[in-house]
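What follows is a pair of complexes built around subunit A, which joins subunit B in one and subunit C in the other.
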Partner chain A sequence: MTLLGRLKKGGVRVATAIAALALIFGVWNLVIVVFGLKPYVLPTPQSAIAADVDHWSVLGGLTLQTVEETAYGFIIGAVVGFLLGVLMSASKTVQRLIYPALITSQAVPIVAMAAPLVILFGFGLLPKLVIVAWVVFFPVVVNVLDGLAHIDPDIINLSRVLGAKRVRGFLAIRLPATLSPLFSGLKIGATYAVTGAVIGEWTASAQQGLGTYLQTANASLDTQGVFGATILLTAIGVASFLLMVGGEVLATPWRRRSTARRGLGARFRPSVGVGSAAGDVGQRTPPHPAAELVSSSGSPVPVAAGSGARWDPAAVTRDPATNAAEQRFGEEVPS
Partner chain B sequence: MTHTRSHRLIAKAALTAVSAASLLSAGALAGTPAGATPRHSKMTTLRLVYDWPGMDFEAVPITAGSALGYYKKVGLNVKIVIPPTTSTTVKMLAVGRGTIGFDTTTDVVFAQAETIDVKSIANYSQDNNWGLVGPPGKTISLKSLKGKSVGIFTDSWTKAMMPYVLRASGLTTAQISEPIFTTDDIRPMLAGKIDVATNTLNYAEAEVQNATGKRPSVLLATKFGAPNVPIWVYTAMSSWLKSHGSETRKFLSATKKAFAYSIAHPSAAVKDFLRAFPKLGSTHKYELDGWLDTIPALGKPGSLLVQRASEWTQVAKALKSVGLLSKALPASAYYTNAYFGG
Partner chain C sequence: MTTNGPRRSGDLVPPTDHRDPFASGPAGPGPRVVVDDVSCRFGQTLAIDHVSLSIGDSEFVSIVGPSGCGKSTLFNAVSGLIRPSSGRVWIDGRDVTGETGHVGYMLQKDLLIPWRTVVGNIVLGAALTRGVIPHDRAEAVALATRYGLGDFLDHYPHALSGGMRQRVALMRTLALHADVLLLDEPFGALDSQTRLDMQLWLLSVCQDLNATILFVTHDVDEAIFLADRVVVMSRRPGGIVADIGIDLPRPRGIDALTAPGFIELKRKVLDLLHAPLVVSG
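Presenting the complex of A and B:
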């Protein structure tokens, strides 16, 4: 796509986002007019934003505090969720042991759990991080687990036959396969993380954040302040989501391009199988019969562990007569 | 509000406004001796919006009045409505979701500042029983607060009172730690997670007594310069009062009788309360402890429910002095005694 084309596409996206925002604010104002709501019940979005502007000297610091709680908690939750997903995928026993506990953990009302956490960990950042991580990790675990469970076993087998060690197989096949579902989980977690931070602040906090500000404004019947803080919290949630979308774009280029980018990610190029992406292994690629590797001349390929031959899944083709997979060894790997 | 109400939050799940109302009505019928009250051809229903999203002993006079038929006798059916949050009562009155409110004086002042014309029609309590609460047997000293952790709530009453704590102890906010709580600061205090809690005496004593069997150490704010003003009041919208003066008078008259009965017969009144809310999950001991600790704040028998202009002037002045209010209105904007003597 040309630069002009890209700019046009970007411009359309921004315009659409602005239109969506305008639509939300328009409906908000319409509800106030149609139902004749007084400002102390529901203020206009303009007045709520004006309240934010007026009190920004206070709100700026509080926003940073809440962002900090959200970000750290999110990172912890995402890492724990990813590792648990990988661990559970590696061992059925571990999965059977941990999965019920994970589901139970999400059935526990987070508000009920928050109070004991505070008693246990005090009023600093830690209990808030635990609450945010608690909210975030579950969608990550479920999605990673799902991604790993849907890898085409033939591709795993193929990599083994080609001599890929466990770590290499994980890095080249399993890890890329988790990326799409991982980002689905991260996007869900990112939007929920800010709610976790607010619950943490509401339970007990030595530092004020937007959650405690919201409570104080509510106690003073400052409805504009309440909705102003709510808008800021929503913005944090939306920004977190967009960050994850950005991360996904960078980490899964094959979802937008048919060829891998040079540089970052090129080494573990995800293009695998018959024109599919490793990130979507097993999700888009239909299972195929176990492949027998043959050379281009038709003789079996001697595959030995540590032979030094570079395995390139993209170079694997099928013999139409035998339906067997074939890799053209010795050929330059296209990038 | 400032007080410990973990029981209320537990009760929130079990209670709904509908069930509360029906139970109250049932209680009223069960507690009324047959033929003791005249049948009113048309009963007026008053929806009393509570101040907290859960029920507790501060509702004892209303449930006792219902059980004894005091309200039915004057043609009223009082239904208690539980608000969704601690600061919704006034708004529910303003939009017509309730008729009578159980509120704090600070809520009335803030409502007027937001042009919500709500007025206090009677005091619930007469005294300011807010203060610093410590573990049993541990004396609280303002001089030793430096470097200590003092649990606070986000409500306006605490905001109004904390400057008095700091002023009396000669400290700044930077010299103490103020962990913020939204539901309960007594349990963390008893667990040693904070040095001192802030709360109202009736809730603090009930919870500490039930947890430890001992009374907490308390330093009331009035002992170090805070104004001795009522915390809780009954409220209504001015517009509603104009067209329902008769009902308001009848309500206050019956409520005053219910207060007198509940003070004279605390255990029986608490039993009526628990009969009205059988799914509360609370014990007679806890509610009775709380009610007995509330009684001293209600004032002398002759001054039950009565309001004074000076109280409102002091509340508005206190809020203004700590920067929570930009303009203090005349006391008449906040309260009216016009509905006594119905």
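Presenting the complex of A and C:
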């Protein structure tokens, strides 16, 4: 795509995003006008944001506190969820053993659980992290488990035919296969995480966060403050979600691109020319028909009688000039 | 022309000495692959019934048969993916029954890994076993370049056409450095034009490789066009009905498809495939 085309496409995207935001603001204002709502019942979004700006000296620190809880709790939940998913996929027995516990954990009302967590872990950061992780890990487990269960069985057969080692097979096939479902889980988890952090702050509030601010504002009938804090919390949720979308784009390039990224692609290119690489390894590698191809565009390779093609590494290294593949590399990889 | 007409699988002189199937073999290099009286049963279903087959070095053997005749089961047994209910599989004089990793096996689907590039998919065998070294990539690039995918080295599979994907899958199989290749209907999903191109391409690859190839297909033209021998299998339970030598001269081009000898062989194979009474004989 040309640069102009890309700019155009990007411009359209930004424009639609702004339009979507404007739509929310428009409907909000429309509701106020149509129903004649007073500012202490429903302030306009502009005034709520203005209140945020006015009180930013206080709200800035609180926002940071809530972001911290959300982020750490989210990371813990994501890691625990991912590991559980992988563990459960490894064995049907483990899965049957753990799955009921996981479902039960999500059936427990999170608000009810908050109080015992404070008794267990005190008023510090820990109970909040536990609550955030608690709501985040479940969608991650379910999605990772689903991703691992839905790998094409023929791909598993293929890796068996190829003689895959357990760890390498996991890293090359199973792990990347979890990426797309993992990010689906992370996107859901990212939006839940803020809710978890607010519930945590409501029940265990030694430190002030946006959740505690929301509670105070509510108690003092500061409607603008309530909506101001809510907008900030929403922004954290949306930002987390967008962060996950960005992560997904970076982690799964094959879903959007037709070729590997240049920086990434360089890893897949040999750092040395064909001939020299073949020559280096030739002594250790058993001769093979496929290897013979490396040289077959050059001079004919000596063939041992009656035993199929046998590859002479020397024939490759001695005759680099006529090797088309090698010339290609000579141009592309300066050495 | 080596053999003619219908014959029972038992006619195929399996090696009698099970410790060394080559001791009683003909002079010169022994058979690369020996399928010795293999049967596969899944529950109540007998998929293949006492199949014996011997394939010489650098031989290209096509296997044709009606749908569900156990062609793929036979390949699964030879590759070691499944252990036959009875019988043995020998490769290069070693008993490899139920062991994987001795042959290059290309399954019906291309099964390219979506997150690996063309080169990444070709070196998959190394990536799954000992780790990819620069030599593997160099070889993959050489293979892809030589066989018409030089401009697609960094492409992901979804950006390739069906024919290209099959070629990558075959290169992945070649890169395994296996002397014996099992190709299970590799061109079954392609349109007829692409299929013919791929057949011609495979013929040129075979000319370079000297590999021993077993090729399953349901396309009689394809079977004869590519092979040195065509093995005809019967309806389930699958057994070998005939083993027909293809004496068409090589190298073969498109004109071989309409040569009188080709038509005659095709008639013979079609008669065998569509004559159940002869089959059961």
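Keep in mind that, in the parts below, the second predicted complex is superposed on the first by the 261 of 335 C-alpha atoms of A that agree within 3 Å, B and C clash if a C-alpha of one lies under 4 Å from a C-alpha of the other, contacts with A are read in each partner's own complex, and residues count from 1 in each chain.
Everything below uses one rule, namely that a residue touches a chain if its C-beta (ideal position, glycine included) is under 8 Å from a C-beta of that chain, and two chains touch if they have at least 3 such contacts.
Worth saying up front: this structure is predicted, and the values here are computed from it rather than measured.
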{"item": "Touching partner for A:219 - first (subunit B), second (subunit C), both, neither", "value": "first"}
{"item": "Partner chain in contact with A:163 - subunit B first, subunit C second, else both or neither", "value": "second"}
{"item": "Which superposed partner A:202 touches (first subunit B, second subunit C, both, neither)", "value": "first"}
{"item": "Subunit B versus subunit C as contact partner of A:122, first or second or both or neither", "value": "first"}
{"item": "Subunit B versus subunit C, judged by how many residues of subunit A each one touches", "value": "C"}
{"item": "Which superposed partner A:60 touches (first subunit B, second subunit C, both, neither)", "value": "neither"}
{"item": "Touching partner for A:26 - first (subunit B), second (subunit C), both, neither", "value": "neither"}
{"item": "Subunit B versus subunit C as contact partner of A:100, first or second or both or neither", "value": "neither"}
{"item": "Doubly contacted subunit A residues - partners subunit C and subunit B", "value": "none"}
{"item": "Contacting residues of subunit A [partner subunit B, same complex]", "value": "38-41, 115, 118-119, 122-123, 201-206, 208, 212, 215-216, 218-223"}
{"item": "Interfacial residue positions of subunit A with respect to subunit C in the complex", "value": "152, 154-155, 157-165, 168-169, 172-173, 176, 179, 252-254, 257-260, 265, 268-274, 277-278, 280-281, 285-286, 288-294, 296-297, 303, 306-309, 324-325, 328-329"}
{"item": "Contact footprint of subunit A on subunit C as seen in their complex", "value": "28-29, 57-58, 79-81, 100-101, 103, 105, 107, 109, 111, 113-117, 119-120, 124-125, 127-129, 131, 133-135, 137-139, 141-143, 145-146, 150, 153-156, 158-159, 174-177, 179, 208-212"}
{"item": "Residue numbers on subunit B that touch subunit A, as the complex places them", "value": "85-87, 90-91, 94-95, 107, 110-111, 113-116, 149, 151, 154-156, 159, 177-184, 187-188, 191, 193-194, 324"}
